[in-house]
Structures are given as C-alpha cells and as structure tokens.
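Next come two complexes, and both contain chain A; in the first it sits with chain B, in the second with chain C.
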Partner chain A sequence: MADFVQLLVSGVSQGMIYALLAVAYNITFSTSRTINFAIGNLLMMGGVVGFSLYIDMKTGQPLGRSFIIPFMGVLVVGSILGAFINKFAVEPSRRMKSEYGSALATLAVGIVLRNLVERRWSTDDYKFLSPVGDSPIRIFGAGVYPQEVLIIAASIFIVVALETFKSKTVLGRSIQAISEDRVTASLMGINPGFIVGFSFILSAMIAGVAGLLVAPITLVSATMGTVIGIKAYAVSIIGGLESGYGTIVGGIILGLCEVFTARFISSGYKDTTGFVFLILIILLRPNGIFGRKVVRKV
Partner chain B sequence: MTPVLELKNVSVNYGNITALRSVSLQVNAGELVSLIGSNGAGKTTTLKTVSSILHPKSGEIFLQGKPLHLLQPHEVAGMGVAHVPEGRKVFSTLSVEDNLIMGGYLLARREGLKAVTAEMKKAYQLFPRLDERKKQWAGTLSGGEQQMLAIARAMMMRPKVLLLDEPTMGLSPVRINEVFQYIQVLKDAKTTAILLVEQLAYRALGISDRAYVLDQGAIKTTGTGKELLANPDIKKAYLGSKT
Partner chain C sequence: MNNTHSLFRKKFLSAFALLLLAASSMATAEDVKFGIYGALSGGTGPLGQSMKNGVELAVEEINAAGGILGKKIAIVFRDDEAKNEKGAQVVQELLDKEGVVALFGPTNTGVADASTRYTNKRKVPQFISVSAGAKVNELFKDSPENYVFRIVANDDIQSKVIVKEAVVARKFKKPAILCDDTNFGQAGRERLEKELAAKKITPVYVGKFKIKDTDMSAQLLQAKAAGADVILGYGIGPEMAAVSNSMDRIGWKVPLVGAWTLSMPNYINNAGKNGEGTSMPQSFIEAGKHTPREEKFLSAYRAKYNEKPIQSAIAAVQAYDSVYLLKAGIEQAKSFEGAKVRAALENLSKPFQGVTGVYSKPFNGKDHEAMKESHVKVGVVKDGIVVPKAN
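Entry: the complex of A and B
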C-alpha cells in the first residue's frame, strides 16, 4: 500500500510535467498551426536559469534567496525566448510559406540553446535542492517528496488558470477564434500577429516553469529537456491537440505507466511501455482522448 | 460630403486572372447600396478587397476620406468596417455569446466590457432567437440562425459601414424574408451605411437606395433601386427569379 501510494504520487507528478509541456505545445499549435520543437529546450532553460538564480553552483547550496527570484527570472527569460522564437523562427517561415520551415527553425533554436548552455554554462549534471525540502513526508505510511506534491498542485493550478483564461476573457477567447478561423477573426479587429506572438510568450513561460518544477526531482543539465520534450509532444497528440484537460489525462497515463513499469518490470522498459500505450491510444482515438470533431454547418 | 466608403478605379488580380477591372463605387452615410451580378462577377472579391483580405493591384479605397487599401484586415476593422463574409463563418466551437463578444473585441478595447454587454443586449433584442441559444455552440445553430449571428456579431463593433456578402445564401424562403426584414431594420436605424451583395437581385433592389451592377469584374450600370428594377436590360439579365 505504502509502496503503491509512493508510486502513484511519483507517476502523477511526472505525468503533470508532461501535461504542462503538452499544454505549451498546444497553445502555439492552436494559434499558428505550427509545432514548436524548441519546447523541450525551453524547459531546460527554465531549469538552468532557475538553478543559477537559486543555487550556488560551486557549493551546490542555496544562495539563500527567496524562491520568487528564480521564479520571476524564469518567467522573464521564457517570455523573451518565446517572443524571439516567434519573431525569428516562426514568422519568417510563414512568410516563406514553407510547410516544414518552422518545424526545422524551432528545432534549430532548441539545439542552439542547448549548445549555448553546454558551452557557456556547463556540460555536467547538477542537483537542484528543492525549495520545499528534500526529505520525504509521510502520507498513508508512504514516503512522498514534497516537491512531487508541489508539482501536482502547481500544474493543476496552471492548467485550470489557462483554461479559465481561454474561456472567460476577451483575449483568451480571441486565441480560440484565431485558432478556428484566422481570417474571420481578423475581420473582428483581432490582430493575428499579436495573438500568435502572445501565445508563444505564454507557451515558453509555461515550459520554463515546468523546467523549474521538474529540476529538483531530476537533475539540471543542458540535456534535461530532450527526452521530456519528445514524450510531451506525444502526450499533446493523445490529449487532443487543443484540449487542456485531455493533456492532463494523457500525461498522467504516461507518467503512471513509466513508474509502474520501472518498479515491477524493469527500469530499462520504462520508456517502451509508455510509448506502446501512447501508440495504442493514437490508433484507437485519432483525435485524442478529449479531441472533438467539429461539426460545421454551411 | 465625403462618402462613407469610396472605391476609386480598383483592380484586383488572382495570379494572372483579372477579377476586378477599375471598379469605382460609393456608399454615402445612411445609405443601403447593393452590388448585384451573376456568379463569378467579382462581388465577393470587391468586399474582400475593401476589408483588405485581398489587396488591389491598382486603385484606392477610402473610408470617410482615409485610405484603407494599405492596411491589414484587423486595421480596416479598426477603422469601422464590419464584414459579414460569404458563408457566414461563425466560430463554430465558440458559444453564440462568445461569438458576439468576439465581434465586440474592438469595442471592449476602446470602451470596456460594459459597452460590449450593452451592445449584446441590443443584439438579443433584435434577434431573440440568439438570446435563447446564447450558451449553445454556434456550429450547432441552423443556417438561418448562423446568418443572424454573423450579422449580429458584425454589428457589435458599431461599424461605420457594414458589408454583407450574400446573407440569404442557402436559406429557405421564410428565412430569406426574415433576413431582408432585419436588413430593413438596420437600414432604418441609420447607424451604419450598408453595402449588400445579393444573388436575389430583385429583392435587393427593392430595399436599396442605390445599386451597382457588376459584370465580369467591371461596373456595368448604376442607378437607384427603382431605376434598375425598371431597366429592361437588367430585368432580362438579372431579375429572372422573383423569389
């Protein structure tokens, strides 16, 4: 039982990170119809920037600052990178009307970011001491890391806040309008360029925060975003590319699969079962778990 | 007096196909002007060029004397041009209410949400059926209801000129009558000038102050609604059906 609770919390918290990144993929996909393949490395930037502002690299000990500082730092760097990617990778590809242009350009930005971090920062792995403590707390006799609980709570908050923003505010609704019909939305006075730029900033900030959240349970390094980025991309597809809550379900399924496989079969098969599961869902529900086919009458 | 909307020698190409040849037309304050012509005459192209979805190869377009032809679509909307596109194009995954709020995007930015709510109330008064269905996805409305929504959504920005592209397309005779009634109401309110594109030329001319006949991308004739209704050439070419 204790073991089960422990695995459950680990799996769900891992899954919520996938869900957050999947949401980051979704926002920009819905407004620009392009996939931002730099997302994994934006998560990495969140981890690295947060680490640098919070932990002393030489001693590995906290610098003694409030956690607000790395948090704000991650938001600022994320929004700059999001705006940069839109301006210099996505917009030029749109102008060239090249189908693969923006996929390649965003992939390239991601690789450049990773190389920059390797060259200018470090090629090593670092332990990021959790701001909420690294000793397990007892829940139902199980030892659960406070950081895992923080991840779950923060991720749910972010996804719910985002969905509420999208359905309850004028700006949020215009993201949906642009995603459904860019030309008609522009006839209402909505500037598509502005909405797309805004969505890239929002998306990069979410990816950065995901990096800050996951760093204490993994390690901080220049390569920390690579595999997570690919898995979250799969989750964004199974969640239904435009459904925020679908990604939570998809993420949790993947997280649980991995944790339970690692525990009961072998950690070597961890990635395999997760991907088999994802492939099954894609075959059974091509529009994703919550994806809906839109009825459009003429 | 400067017209609300003025096109001066506007020519438009699709690749090397010429769709409009030196089209000039005017819509004055409070006027309902219709643009009629057979399939492929260039009516939709004209409206799309006004709202900058298309850009003219040559010629100029003015709203109250200010140039529109160099702007982007959202900027043209910002100047006060509302365009109800061919095929209605409601946001099918948004609710009826959210569609109206999108129509009020500019109003919300300029005057805040209160103004949007007030404008929405007016829309529901004019179209009670939208009020009953305000929480419903717009994609699940009937064709006639979608057309009402598309018109109501365009009026949310309190436009200076309203462009209507075949609002009766695909509707049953009863719904067509309804749409013309609503257009009459909007005309009588005199809050916006209207440029109406219609296949049902007979009906359109009946409620229009003036009209232009477009033929293969060029203006063929113009006159008041009454004059064109009485014109034997026009009768023969465009007024076959008296729906």
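Entry: the complex of A and C
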C-alpha cells in the first residue's frame, strides 16, 4: 500500500513539474502559433539565477536572504529574456512569415543561454537547499518532499490564475482573440505584435519561476532544463497546446506512466510508454485531450 | 707579429663560433617536452585539472632535482574539451608540431580511444592516469608494440573490489544492481554481473536510470520488493546522489557500494546525510593517516595549488606517479627514444615506489596496467568526506 502511494506521489509530483513548464509552452503557442524551444533553458536560467541569489556557491549554504529576493530576481530575468527572445528571435521570423524560422531561432537562443551558463557560471551540479526543508514528510508511509507540495500547489495556482486571466481581463481576452482569429482580432483594434510580445514575457517568467521551484528537486546545472523541456513539450501536446487544465492532466499522465513502467515493466522502458501514449494522442486526438478542434476557413 | 695576431684572431673567432653553436643548441639539447591533454571543462573538468596539476608538480620536482638524464623537462598542455575529435587533433599537434617525447592523459574514455592510435603509430609512450575505461591492453591486438600504459584502477578491478566488498567482506546475500544507461554505467553493470556470477550470485534486481533522473523511487521500490540487502551502483555523482536521496524518500536504507565516482564532491555534496556510509574502491584516500611518501606528496600539492581537499586526489596522485614511473623507464633505458623506453618499462629492474603503492614489474609485454587489485583500498563516506574503511 505504502509502495503504491509512493509511486502515485512520485508520478504526480514529477508530472506537475512537467505541467508547470508545459503552461509556458502553451501561452506563446496560442498567440504566435509557434513553439518557443528556449523554454527548457529559460527554466534552467530560473534555477541558476535563483540559486545565485539564494545560495552561497562555495559553501552550498543559504545566504540567509528571504526567498522573495530570488523570486523577484527570477521574474526580472525572465521578463528580460522573454522580451529579448521576442524581439530578436520571434519578430524577425514573423516579418518573414516563417514559423519554422521562429522555432529554430528560439532553439538557438536556448543553446546560447546554456553555453553561456556553462562558460561563465559552472558545468557542475549544485544542490539547492529547499526553503521549506529537504526531509520527506510521511503520508500513508510514502515520502513526499515539502518542495513537491509547493510545486503542486504552485502549478495549480498558476494554471487557474492564467485561465481566469484569459477569460476575465481585457488583456487576457485579447490573447484569446488573437489565438482564435488573428486578422479579425487586429481589425477589432488588438495589436498582435504587442500581445505576442506580452505572451513571450509572461511565458518566460513562468518558465523561470518553474526553474526556481523545481531546482531543489532536480539540482541546479546548465543542463537541468534539457530533459524537462522535452518532456514538458510532450505534455503540452498530450494535454492540448491551448488548454491550461490539459497540461495538468497531461503532466500527471506522463509522470504516472514513467513510474509505473519503471516499477512494473522495466526501468529501461521508463520513458517509452509516455511517448507511445504521445504518439497515440497525435494519431487519435491531434489537438490533445483537452484541445478544441479549430476549423480553419481558407 | 702580424702572424701571431691573425692566429689569435682565428682562435678567438673559432672559440666564439663554438660558443655560439653551443648557445643555439642549448634550448633544444637541454629541454625535452612532455605533452598533457585532457578536459578542463565539463563533468570531467575537475579530473582533468587535477591530472594536469599532478603531472606539473612531479615535473617541477624532477627539474629541481636536475631533470632526467641531465635534461630539463618542459610541459605542453592542450585542452581536448572532452571531445573525441578534438582529442585526436591535439594529440597529432603534440606529436608532430611540438615533438613531445611522452604523453600524459586524457581524462575521457572516448577521447583516449580516438587518439591512442596516433601515439602507437609515432611510438611515443603515453600514460593514462584518469580514464578507467579506455582501451589499453586491448590495443595489443592491433599494435603488438603498444606504447599506451595505464595507472588507474580500471573498471575490471573496480567491479572486482565492489563485489568482494559487498558479498565477501560484508556478506550481503541479495545484491541489486543500479546503473546509468551510458556506456560507462552499462559496461560497469556487465562487469558486476560477471563478478557476481563468478561467486554464484544472481542479483535480485537489475535496473537502470538516465542522466538527469532525480527520482529513483520506482527502481528502488522494485529492488526492495525483490528483497535486496545492498545496492551495487555504477554511475556518476549527481544520479548516484539521487539514488541515495530516493532511498531516504521511500524510507528504505540499504548500503550503497559502487564505482570510485562515489568519492567525487558532486556525489557527496548532493547526497548529504543520505550518502553517509556509501563505500567505493579508491587508489588513494586524502583523509586519514598517511605514509611519509603520501604525506610528502600531499604537502607539496597543497602548497603549490592551495587546495584542500584536492578536487580529485585520485586523478592528481595517479598522474603524479605516472611521471615518476616514466622517469624510471627513461633512466633504465638511458634514452628518451620511445622504443627503448617502452622496452625498459615492460621490464623494470627495480620496484617502483609510488604514492599509490609499490609496483614491482608493473608492466610486461602483454600487460600495461600498473594497478592491480592489491593497490586498491575501500573508502567510506563519513561526515562528508571519504575516509579509509575501518577494519
């Protein structure tokens, strides 16, 4: 029983990490119709910047600052990087009307960020001591890290807040409008360039916060975002690229697939079943579990 | 008197010419070059740095004591960035442009395997002091005159020591194996299974994980369900730390015995209290009591590089020993010529006293591995550092 609960806990919390980042993919997809492949490395930047502001690299001990400081730092760095990616990677490609150009340019920015961190910061892995403690708490005999509870709560909060923002505020509705019909929306007085730029900043900030949140679980390194970045992308496709709640469901599905495969089939196939599931989704429900089918009139 | 004058002038001029000749040949005749290559960045960067330091310290000492065969040693270093193709390139540079008489390095197995054929082609002795997986004795098949030597506890010895420690010394009956899915981890898994089979033991569970995995609960729960009483691990620091941390998470604690990588700071720091008691094979342990030879090395190293603890003491000490081992070979051969040095090394007449131990006849025509099982001790993590296992 305890073992089963442990698998559930491990799977769900791993899945929520993916879900948190998948949200960042979704925001920019719904406005720009392209994928921001720098997301994984934006998460890494969040982890590294947060670590530098909170932990003394030499001793590995906290600097004794309030957690608000790394949090604010990550938001600032995230918004700058988001604006940068939009200005220098996305906008030029949009002018050339090249969606592939945009995707590749973001991928390039991500690689540059990672190499910069490797060169200027470190190539090693560091432990980020959690502000809420590093000893697991016991729930039905299963170990849960307090940080994981924080990640789950934050993911749900961010998704709910975003959905509310999209349906209740003018800016949020503009995002929806651009996502549904760019031409009509711009005829209605919405500036698509501004909305796309805004979405990239918002998405980079969320990715940065995700990095700060997952760092105590994953260790901080220049490569911490690579695998999570790919899996979160898969999660956003499983859940539906435009669905906020879908990312949570998609994340939990992928997380549970991983642990149950590793436990009951073989640890060598850990990642396989999740991706088989992804292929099935692409074949059977190309818009994801929660995706709406959009009819495009040409 | 014109005659004598001119004679004097002739003598003076020829003496001057001789002097010039001697001066011009001084730089080349007095110095021989040793080449080092390895990674200074990336996951193996700390190993490369310590290896380079070890060679440089030994060369400095040798030069201060008058050099080898009366010649001073100069060092040429090239960073291979842990890239196989870069390694092949820098080795050719060192051999052809710099004309080194010996090579030290590299750190990475892949880089070594991509570059050792150049060393063998050019008949220059090479000492590997970090890579435990690189081909050394395997090279005899293609080049019977093998110039590649190693002073590292290779993967064969490591798995022997790991299995011996777990099932013989500590009498565990049901080992589980957990390895990463890289070449390093999977080669380690194969060797561990082979060693266990030789002792007629089948592991109760064999699992793997990927680089960057942080939650090993699923694998550990299966090992637990299979009744494992010890985990034998083959991976690098961060993921092995995740293994120890996940044991804490699922509330299950069995000892972890694994490859020497468990002595690296990125295991010890990231596992914290969950890493206490983990044991691994070590050719040298920085903490604890030391022989005078070890003490001399440690104080010289710390004085020169101001490092305590040393980033990778093992890499440093093995590299340091390899320089003195080469010196013994050159002095016996009375020549820097590769073929003669190789022959001398394969038949060293005097036992070699290194920091890592005593080596009598470390090499022969079929075996270029200096380190044997007897040179390897077992280290245990205690209070955040590796200490010798208490007997």
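The definition used in the following text is that the second predicted complex is superposed on the first by the 287 of 298 C-alpha atoms of A that agree within 3 Å, B and C clash if a C-alpha of one lies under 4 Å from a C-alpha of the other, contacts with A are read in each partner's own complex, and residues count from 1 in each chain.
Everything below uses one rule, namely that a residue touches a chain if its C-beta (ideal position, glycine included) is under 8 Å from a C-beta of that chain, and two chains touch if they have at least 3 such contacts.
Nothing here was measured: the structure is a model prediction, and the numbers come from that model.
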Is A:Lys97 contacted by the first partner chain B, the second partner chain C, both or neither? neither
Looking at A:Lys58 after the superposition, I want to know if it touches chain B, chain C, both of them or none. Which is it: first, second, both, neither? neither
Name the contact category of A:Thr223: first (chain B only), second (chain C only), both, or neither. second
Kindly classify A:Asp3 by the partners it touches after superposition: chain B alone (first), chain C alone (second), both, or neither? second
Name the contact category of A:Glu180: first (chain B only), second (chain C only), both, or neither. first
For A:Arg120, select first, second, both or neither according to whether it touches chain B, chain C, the two together, or no partner. neither
Quick one: chain B or chain C, who's touching more of chain A? C
Contacts of A:Asn191 with chain B and chain C, given as first, second, both or neither: first
Chain A residues contacted in one complex by chain B, in the other by chain C: none
So in the complex, which bits of chain A are touching chain B? 167, 170, 173-174, 176-177, 180-181, 183-192, 294-298
Contact footprint of chain A on chain B as seen in their complex: 51, 53, 72-74, 77-78, 82-83, 85, 87, 89, 91-94, 98, 101-106, 108-109, 113, 116, 139-143, 146, 153-154, 157, 170
As the complex stands, chain C meets chain A at residues 41-43, 45-46, 181, 207-210, 212, 214-215, 217-219, 221-222, 224-225, 237-238, 241, 248-251, 266, 269-270, 272
Contact footprint of chain C on chain A as seen in their complex: 2-3, 6-7, 10, 13-14, 60, 118-119, 123-127, 134-136, 138, 141-143, 145, 217-219, 221, 223-224, 226-227, 258-260, 262-263, 267-268, 270-271
